[in-house]
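First subunit A sits with subunit B, and in the next complex the same chain sits with subunit C.
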Partner chain A sequence: MKSLTAKQKNLIWIWAFLLPCILVLLLFYLVPILTLVYTSFTKWDGANAPVFTGLTNYMNLFKANDFKAAFINLLLWSALAGTVHVFFGTLIALILFKEPHGWKFVETVFMIPNVISMAAWAMIYRFVFNGSYGLLNGIIRIFVPGFAVNWLFQSPYAFWAVTLTWIFYAVVVTLLVLGDLKAIPTDLHEAARIDGANEFYITMKINLPLCRNSIGTSVICAISSRISMYETIALTTRGGPGNDTMNIPLILVNAINNSKYGYANAAGMVMLLLGIILLVIVNKAFRMNESIY
Partner chain B sequence: MIMNHAKKIFYYIGIYIILTFTVLISIFPIIWVIISSFKTNAQILSNPFSMPTAINFHAYQAVFKQTNFLLYTLNSLIVSVIATVISIVIYAMAAYVIAKYDFKGKNLVYSLFVITLLVPAQCKAQPIFSLIIDFNLYDTKTALVLVYLAAGMAMSLFILKSTFMSIPKDFSEAAWMEGSGFIRTFLFINLPMAKSGLATAGILMFLGNWNEYFFAMLLTVSPVNKTLPVALASFNETYSYNYTNMFAALTMAILPGIIIYAFAQDQVTNSLVSSGIKG
Partner chain C sequence: MKKFAKISAGILAVVLSSLMLLPGCAKNETSGSAAEQKNGSSPKKEIVLNFLTYRTGQNVGAKYFLPSVDRFNKKYAGQYKVAVQEIVQDSYDDKIKQLAQVNKLPTLMDGMHDTVWLRNYVIKNKKSYDLKDWLDKNPDIKKLCIKDSLNYCTVDGRVVIMPLIVSSPSVSYYNSKMYKPSKAIRDMTPDEFLSSLGNNKIAFMTGENAWTTQLLYSALIANQPGGADTLEKHTDNKLTDFNNDIFINATTQLQKYLQKAASSNTVGAAYADADNSLLSKQSAVIFNGPWMFADFDESSKDKWSNDFNGTDMSVDLFPGNVAINNNNAFGGYWISNSASDEQKEVALEFLKFVSSSHEVEQQVLIAGGFAPNLEYSEDFKKEAKSNKLLTLYTNAFNKDTKQVPGFDDVVYPSVAQPGFPNLLPDLISNKMTPKAFCEKLTELSKQAENQ
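Let's look at the complex of A and B:
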């Protein structure tokens, strides 16, 4: 390959091949992010030029009740995503790794909710949680006749209804962890068995520590999905009742619709920064930069 | 010995309860929606578990007659296919030179490309909204194509770069010895060998585009440009008292994704593993 690189002609081709990609990067990442950063410090309605206002948008954002509610929701959702969601996905991975009868079927079916549109999924859940003819109340009424909770429109049920639209759908976690499990050298397991370790010990002391990269990645994916969760809220509760299910993207879209562009971008900046903080923390916590073997 | 046996039975009961739960939450809501699309409105309202008395497709016909369902589906198809094809072309080109050549600035360019993965799409909503208005593309399919093109950048490059890297360079060198130029080596030697990676990235992009709601909602208003997920959300008002039709529309909207998955299960699984973006 070395003989190719020296060619000047190739260099022109190389940059020609990169050009479309660089254009996309400039137009749809660099320019928007610079706009985001700059205008988050301005008052801007789209029609007139942005006016610099310092931290006013951020102050207003942090004072707003819907943002406070959204932030608390996000903390709770992130905690649930990083624990229950990732735990459930990992549990399924550990079970499927043993390849019990029907494991392939379970893996296949578990994926289905992820191949359909989040908007359609939200609509389906609208009907699942419907107070009168919904699926969930139908099931509960078998055990508790006359049960009537309007899941999406009653506090505090709405928060948990929105949570249920994602918390157990952890197929990405399962697949990531399963990938790591399959990469563990089998002689490690054999050696442990010869030493008299039982399966539980092998899982806790060998398998899980060796999966810390995929579990760390899963925590990042799961929590960043909560930061940007929009459809399953906007098409069900719209953030209500009150601000019970409010999330930052809904605040952002509302601000755009009200032509409060600077304010919208302050909310966007908060999303961006939260994502970066999350990445740094999880990377440290799971020691993801250190090699495993 | 007996203890061990009992333990084993409990273990299997335990894991099959968990697996059954997983299967039920994954498909039961969908099956329920499909079954409900064959029931009458009265049946839906009276008992969520009642079975349809007759199988007919009246509700499906009604959806096509009463809404622009076909138009929305076509819009989705056009936008998704065009965005997927263009992005595969430009990302394959970029991934190819990054995988196969050494040049100054390569690491910087590649890091900039993949760092985009860290940017949540929604946080750019307002800047992109303004950009599209500045381009005079508000409420056009072109706007969606452009936005979707950008969305798959990091993931497509990941997948395609590793695909091109796995192609032995002997092939390129041999072609080069025989006087094959840059473009020919790319088009006729490397591209055909990267088929599986192209398919994986393509399916990932297509599914993402087909299912995208957020920017479609933000950037389009008129029926001629609305895509299926956005239209579906608006059916809620159209069909607020006709649940049979709503369930029929939902069924038709989710089937394409499931069909693609049925035919390209491995690619879909691979692409989701390498992305970990949804869910």
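Let's look at the complex of A and C:
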């Protein structure tokens, strides 16, 4: 038998190592995604065979008032996530990078929410925002006796109450940016100082531009988390009052509860497409494919 | 060294690839052992039935169900055993649907709320075991089944779900030390009941499925001319039009109740909050099923505060002599048609056991309700007499009582929750008129229908 060449042997090894990953990708990602795409064009109760209905699910989805409300909410939340949320996480990273007195303690405290599940987090906020005995109203009542706002269940406060559950919880952003900051060669900072640059100038002209990729990644993470945000809303407002805090994952789950899997998967497809569009836009805006150094 | 690295890498790749195939192998292993049992290689072995149920832990059904399982296991020790597997009630329907999708339905299942799925999948595809012959062979059990329920559970001549034996209508509970009605609530009109409350509050809720609020809403609908018929007609064909006098008038009354008599924590309150409001005397009235008796028992004393005393509680129906109850539902046990004969044998024996007079009486004593076709034993009557709430509950019903399905039985699941609860805060704060509320309900229902 003819022996294999070194290149052929290499190829076999490459495929042997790739096989588990390819199988995982096929079984757990590609097949479900293809099922999602196909069934989004069908009427399907999840039990009997799907019946092809063309674009009906998408037409119904785009006509539905709760989808319109969810889309507007998503735009607002995305704008807040991509600006305020990322700005706050970056600011903390910049502060921690300077290693001021007590920075290790602050870093630890800031990371704590990361070990609390979203479900527990949502329950904590239910107590914080409770209209009768909530922490927030308790504090406000010290200054404004008789103050009565039911933050999670009253328009227009509910939207902002839900927003407050995540907007300052920017651990991922901080970790990503801090990692990039620590990778900046120290001689760049030294050279800038010799040239007379102050700390603000160094931050604006050296640190932030060199963290472009991590900030871009943070924007992607922050906005995609808003697209898929479910637990926080499901455990607090359930999309209410009215449609004030409605979002697409909630529409998807409601459709599943009605055994309308085709419609639910159309909502899932919209989420997937929004995620892809987000990736393309942020990649372009932050020039993430270009080398920084 | 290079050779060793190559061999190690090869082994690693093979192991990782094999791991991917393990789930498939595991399935074969299970069927293998099941086949072994079926072939009778160990015929004397105790047959274990794993029963996935929500009637465990803190669930209201656990108090009568778990002792019943213990009695069954004791009676059939060495022959049959029911092993309870716990799941929370809210996740039950989803779990069973997931198992159905992978063709792994458990042998025995509890009642489910999603009648649409049961009809479209389980019944249509004959996934449930036909209990007709079994009921015919056990006429004493068939006799106990509630007629409406037996009719509803019989589809194309097959008894697809075990019909109900015990009926558990939801009613009104009030703290008689706080609220002293001048006459029975059932003899009042909704407006009379509201004005009789004075400063007393009702433990309403807008969180979760707004259960206590939804019950009163159902009763208010039933009090409208044609309202009871409307509720009764739509347990299968869900309601999609609320733009009529029945619903607008009922919603107007509900708004009055919510604005004048709601406990302070109503907005956002989950069931636990409503329960706590009553048990801490923040509210004097709550609406719920007879399973709530357990909360007023001395054994639940740790939940009471502000001098609440369970013995002060009294029971009555809703104004207009209404109780909320739906016998047109698939609320009973059902058996998977694909289960092995051996597993079906235990499941049927268990059904027989829990449907026996003694077990039914125990259920009624602990969780309330009636078994309309059961001739109660003297022991039961003696014990029931000493149970004040059960006596009041039973006596509250008369021949004119209207028993109607609840609002959540006649609307699409997404309208019952989160649709209806999410609209309530705006109704309370007057941001939404009753007419607009009904329009919104119509919109949500049409949307659910067209999805």
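To be clear about the criterion, the second predicted complex is superposed on the first by the 269 of 293 C-alpha atoms of A that agree within 3 Å, B and C clash if a C-alpha of one lies under 4 Å from a C-alpha of the other, contacts with A are read in each partner's own complex, and residues count from 1 in each chain.
Criterion: a contact is a pair of C-beta atoms (placed from the backbone, for glycine too) under 8 Å apart; a residue touches a chain by one contact, two chains touch by 3 or more.
No experiment lies behind these values; they were computed from the predicted model shown.
Trainee: Contact-wise, after the overlay, does A:N65 reach subunit B, subunit C, both or neither (first, second, both, neither)?
Mentor: The answer is second: A:N65 touches subunit C but not subunit B.
Trainee: Could you tell me if A:M271 is touching subunit B, subunit C, both of them or neither one (first, second, both, neither)?
Mentor: A:M271 contacts subunit B only, not subunit C.
Trainee: Have a look at where A:A183 lands relative to subunit B and subunit C in the superposition and call it first, second, both or neither.
Mentor: In the superposed model, A:A183 contacts neither subunit B nor subunit C.
Trainee: In this superposition, which partner touches a larger number of subunit A residues, subunit B or subunit C?
Mentor: Between subunit B and subunit C, B touches the greater number of residues in subunit A.
Trainee: For A:A47, decide between first (touching subunit B), second (touching subunit C), both and neither.
Mentor: Only subunit C is touched by A:A47; subunit B is not.
Trainee: Answer with first, second, both or neither: which of subunit B and subunit C does A:I33 touch in the superposed model?
Mentor: Touch status of A:I33: first partner only.
Trainee: Once chain A of both complexes is superposed, is A:T217 in touch with subunit B (first), subunit C (second), both, or neither?
Mentor: In the superposition, A:T217 touches subunit B alone.
Trainee: Determine, under the contact definition given at the top, whether A:N254 touches first (subunit B), second (subunit C), both, or neither.
Mentor: second
Trainee: Looking at A:F17, would you say it contacts subunit B, subunit C, both, or neither? Reply first, second, both or neither.
Mentor: Both partners.
Trainee: Applying the touch criterion given at the start, work out whether A:M204 contacts subunit B, subunit C, both or neither, answering first, second, both or neither.
Mentor: neither
Trainee: Jot down the residues of subunit A that show up as touching in both complexes, subunit B in one and subunit C in the other.
Mentor: Dual-contact residues (subunit A): 13, 17, 20, 24, 27, 46, 126, 132, 255.
Trainee: Enumerate the contact residues on subunit C facing subunit A in the complex.
Mentor: The contact residues of subunit C facing subunit A are 6, 9-10, 13-14, 16-17, 19-20, 97, 100-101, 114, 116-117, 120-121, 124-125, 206, 264-265, 267-268, 412-414, 417-418, 421-423, 425-426, 429, 431-432, 440, 443-444, 447-448, 450-451.
Trainee: Tell me, which parts of subunit A touch subunit C in their complex?
Mentor: For subunit A paired with subunit C, touching residues are 13, 16-17, 19-20, 23-24, 27, 45-48, 57, 60, 64-66, 126, 130-132, 150, 152-155, 237-243, 250, 254-255, 257-260, 262-263.
Trainee: Which residues, counting only subunit A, touch subunit B once they are in their complex?
Mentor: 1, 4-5, 9-11, 13-14, 17-18, 20-22, 24-25, 27-29, 31-33, 35-36, 39, 46, 91-92, 95, 100, 102, 105-106, 108-120, 123-128, 132-135, 137-138, 166, 168-172, 175-176, 179, 217-218, 221-222, 224-225, 227-228, 230-231, 235, 249, 252-253, 255-256, 261, 264-265, 268-269, 271-272, 275-276, 279
Trainee: Spell out the part of subunit B that touches subunit A in their complex, as residue ranges.
Mentor: Residues of subunit B touching subunit A: 12, 15-16, 18-19, 21-23, 25-30, 32-33, 36, 44-49, 89-91, 93-94, 96-98, 100-103, 109, 112-113, 116, 118-131, 133, 146-147, 149-150, 153, 157, 169, 172-173, 176, 182-183, 186, 207, 210-214, 218, 228-230, 232-233, 236, 243, 246-247, 250, 253-254, 257-258, 260-261, 265, 268-269, 272-273, 276-279.
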